[in-house]
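Have a look at the structure that comes next, please.
A, B, C and D label the chains in the order they appear, each numbered from 1.
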Amino acid sequence: MDLKNVGIKDIRFPVKIREKGGTRQDTVALITLQVNTPKQFCEDCVSTLLGLLGKYGDDISPPAFPALLKELKTELMADSAKLTMTFPYFIEKKAPVTKTAGLMEYTCSFTGTSENDDDLIMSMWVPTTTLCPCSKEISKYGAHNQRAEIRLDVKFSDFIWLEDLISMVESGASCEVFSLLKRPDEKYVTEKAYENPMFVEDAVRKVAGLASAHPSITWFSVGVESFESIHKHSAYAIVTSDTMGC
Amino acid sequence: MDLKNVGIKDIRFPVKIREKGGTRQDTVALITLQVNTPKQFCEDCVSTLLGLLGKYGDDISPPAFPALLKELKTELMADSAKLTMTFPYFIEKKAPVTKTAGLMEYTCSFTGTSENDDDLIMSMWVPTTTLCPCSKEISKYGAHNQRAEIRLDVKFSDFIWLEDLISMVESGASCEVFSLLKRPDEKYVTEKAYENPMFVEDAVRKVAGLASAHPSITWFSVGVESFESIHKHSAYAIVTSDTMGC
Amino acid sequence: MDLKNVGIKDIRFPVKIREKGGTRQDTVALITLQVNTPKQFCEDCVSTLLGLLGKYGDDISPPAFPALLKELKTELMADSAKLTMTFPYFIEKKAPVTKTAGLMEYTCSFTGTSENDDDLIMSMWVPTTTLCPCSKEISKYGAHNQRAEIRLDVKFSDFIWLEDLISMVESGASCEVFSLLKRPDEKYVTEKAYENPMFVEDAVRKVAGLASAHPSITWFSVGVESFESIHKHSAYAIVTSDTMGC
Amino acid sequence: MDLKNVGIKDIRFPVKIREKGGTRQDTVALITLQVNTPKQFCEDCVSTLLGLLGKYGDDISPPAFPALLKELKTELMADSAKLTMTFPYFIEKKAPVTKTAGLMEYTCSFTGTSENDDDLIMSMWVPTTTLCPCSKEISKYGAHNQRAEIRLDVKFSDFIWLEDLISMVESGASCEVFSLLKRPDEKYVTEKAYENPMFVEDAVRKVAGLASAHPSITWFSVGVESFESIHKHSAYAIVTSDTMGC
């Protein structure tokens, strides 16, 4: 029997991620590596991974990730390798009315599964607001709303910045979420969500529509989990480009 | 040096909890035990705990808990012992308008720290809704709202049912939460929350006021964490009866 | 666009699981349901699920699970449905030498994805011990060892009890784990692990071999995560019957 | 009723931590703030906190933390304030024999509760190995061992580097843990742990003894959780300088 996928799980390492603005952002990645290698696991995987993180870790980006993965495969004489880096990523965002700036945090990840550049999957978990259309329709005033997390995974033909994908996802919910809001901003987001009611399936459809229309996205998956304010459980919807009847 | 607090952490065991209605509810407890004992830790703690859970575990209640703890101390020849059982607890709750019944789940725990019966702490984590007064006041329509978890810890002179404490906590938020709501119920909870806006500190004050007025509660702590629908972070407030300027 | 997979996530419900011994075990399940349904999500999914859990929940078993899933699909007029129940499951286990009995807890789950009975996946997470062959070989005495969690997922043609699958998994590591061990038992498990050193990939291979040879298992996946005692990260290996070069 | 402790919970922010070597380390902090303030919670807390993190966040150290906290209190007109920052912290560590360097990650936190500098608590969670003395004594060969996490909290009169505290904690277990070990290193740590067996209470006693003897530590708490390799539960011990019968 030929064993696939030996590896290491949950090792943390400080990395720098290339930002759209041209600078690099310091963050901390949680890393998992799986390889199909004839080398002895006992020390080689960790040693090679840490060595290459030292070499590549201060300039991680979608173009650089496949190069790191390729060198990892070569050094480990592996038939295949899968590397995932998950990290908090910060984007300065301006409040919608007062334009007060604040850092928003998003969880993002890169997953590479071969040496083909287009196998790279970029993933992001984006907090948003959903407001229930049913609750709005039947109530004299108000409508229940809640934080909802949208997860997007994409493969792509041409490079796309995390900043642009996150912005696309944020436009798909009842309203986007901010770290810092002054009173005029809070009025704005409250009213915008009320004017824009969405079930989880509506948010999934909207983000999936945007992803389908994006010229560089070749595959995607969109999931929305809404932490219902009137229940203890979550509402959930998911779609992938494979199963869409487009 | 005299070592305090050797123990075992995170052992699961099936238990039955005495319900207000007279029956016993099957659930699964996560158990932590700390003791100050001269006995060898290597096997005695686990052996004694599992043995006594076998004896007491099928009828756990605030009156029975101190008896279990006392026997544990005696068998382990301990100067002191602290036992915590945390478990999901289910209560059948009727929707507010249609009276449709559904099981609601609450996390609850019992913590005993000595052989005095009144040292028992009952804790519960109760999901509720909070609706922001500021957002309501400044917006043309709507108001942001979200799930908020209220944690109540109490010591008591006379026995109180978990059911009654949970019901008291639920009355302290903008609206309570249900597992199952039909359309007329959803209209009711949406409107009730809108009519009853509360910051986290308002909810803390209301539950603290109810706890202060309760004739059997001798000490309490109330904390509210609101999973803000317009932010990624939580709003939080806490008060204990010790620090209240009553 | 035809949306797949709307659902509810993370709802808890008390259930009874059919045991090998003929009795039923009370536990608490964490439940996720995804359906492709034309019905309005707002209330129907939860209402139908809770109703059917009331009907089926007190006798959950691999044969009963598909019946529950089928009725769920029919009531929701769904093209497809996926239901997962994850629960702590307790088995009384005797210590290897003194035969002292103690309850061991395992996380288990059932996942059904269609109305075909053989699509049911049974999963279990089994704590075991792994002892490093490399460390044993190179050291004068001792060898590092640690808790390792083995996850097994199986599809099957003929019914298999969770008890039998768990027992099969436990035979695949350096040594199995117990809730309660007396001194002669502790001597036994220490020596057995030392006599039986295994890397994560060895444990995966052994369990995969047993699963391959089982007449009723038609598909499986085995993963082992070893919480290395000499590192902060885990060693990991995984194989599925699809990718095995058997 | 005068409400204490309104705040925000679980906001992430990139910070730089002052290192012993003179440089500053980029990491990401999880931040919780509680204040007793007459100001309106709705926006002021977050706005003030984010503003001051912008000012102080690129040079966080035990001396700078109280200054940040003091300015926070002043701006919020608060009677009291409590600020916690928890972050992964990396230290380059050399393997014991081959001296191969690798980055080790530790979770650390700073908690300030007033404007007095000596109220600052530094906390760290340090992975180590414990090897069971009982298992070693009764077995022909081998001894069960496992990863054990030691948590140390300290108050201090004179500044102490995180690097020095972590090194002190690591000397208190059966053996310390590394990110990268070559074969001669693995032989060393295996044998060292075997030569140095410790129950959780032994590790607690040893670290408590070192903390007691440290001239700058004015208060401490030490807890050890050992993820037993022969059980599913953890062994646990804890002591604080308050309760030690020294």
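Quick notes on this one:
Basically, a residue touches a chain if its C-beta (ideal position, glycine included) is under 8 Å from a C-beta of that chain, and two chains touch if they have at least 3 such contacts.
All of these numbers come straight from a predicted model, not from anything done at the bench.
Any chain bridging subunit B and subunit D, meaning touching each of them, is among A, C; the list is complete. Ranking C-D and B-C by contacting C-beta pairs places C-D first. Averaging Cα atoms per chain gives one point for each, and the point farthest from that of subunit B is the centre of A.
In whole angstrom, the spacing between the mean C-alpha positions of subunit C and subunit D is 35. Centroids built from CA atoms put subunit C at 30 Å from subunit B.
With touch defined as above, residues shared between interfaces to two or more other chains in subunit B number as follows: 11, 42, 46, 105, 132, 134, 179, 181, 183, 186, 231-233. Remark: subunit C residues 104-105, 127, 129, 131-132, 134-135, 138-147, 175, 177-179, 181, 183, 186-187, 189-191, 193-194, 227-233 touch subunit D in the complex. The residues of subunit A lying in touch with subunit C in their complex are 1-11, 32, 34, 40-42, 46, 132, 134, 199-201, 204-205, 208-209, 225, 231-239, 243-246. Residues 11-14, 25-28, 42-43, 46-47, 50, 88, 90, 100, 102-103, 105, 179-183, 186 of subunit A are the ones touching subunit D in the complex.
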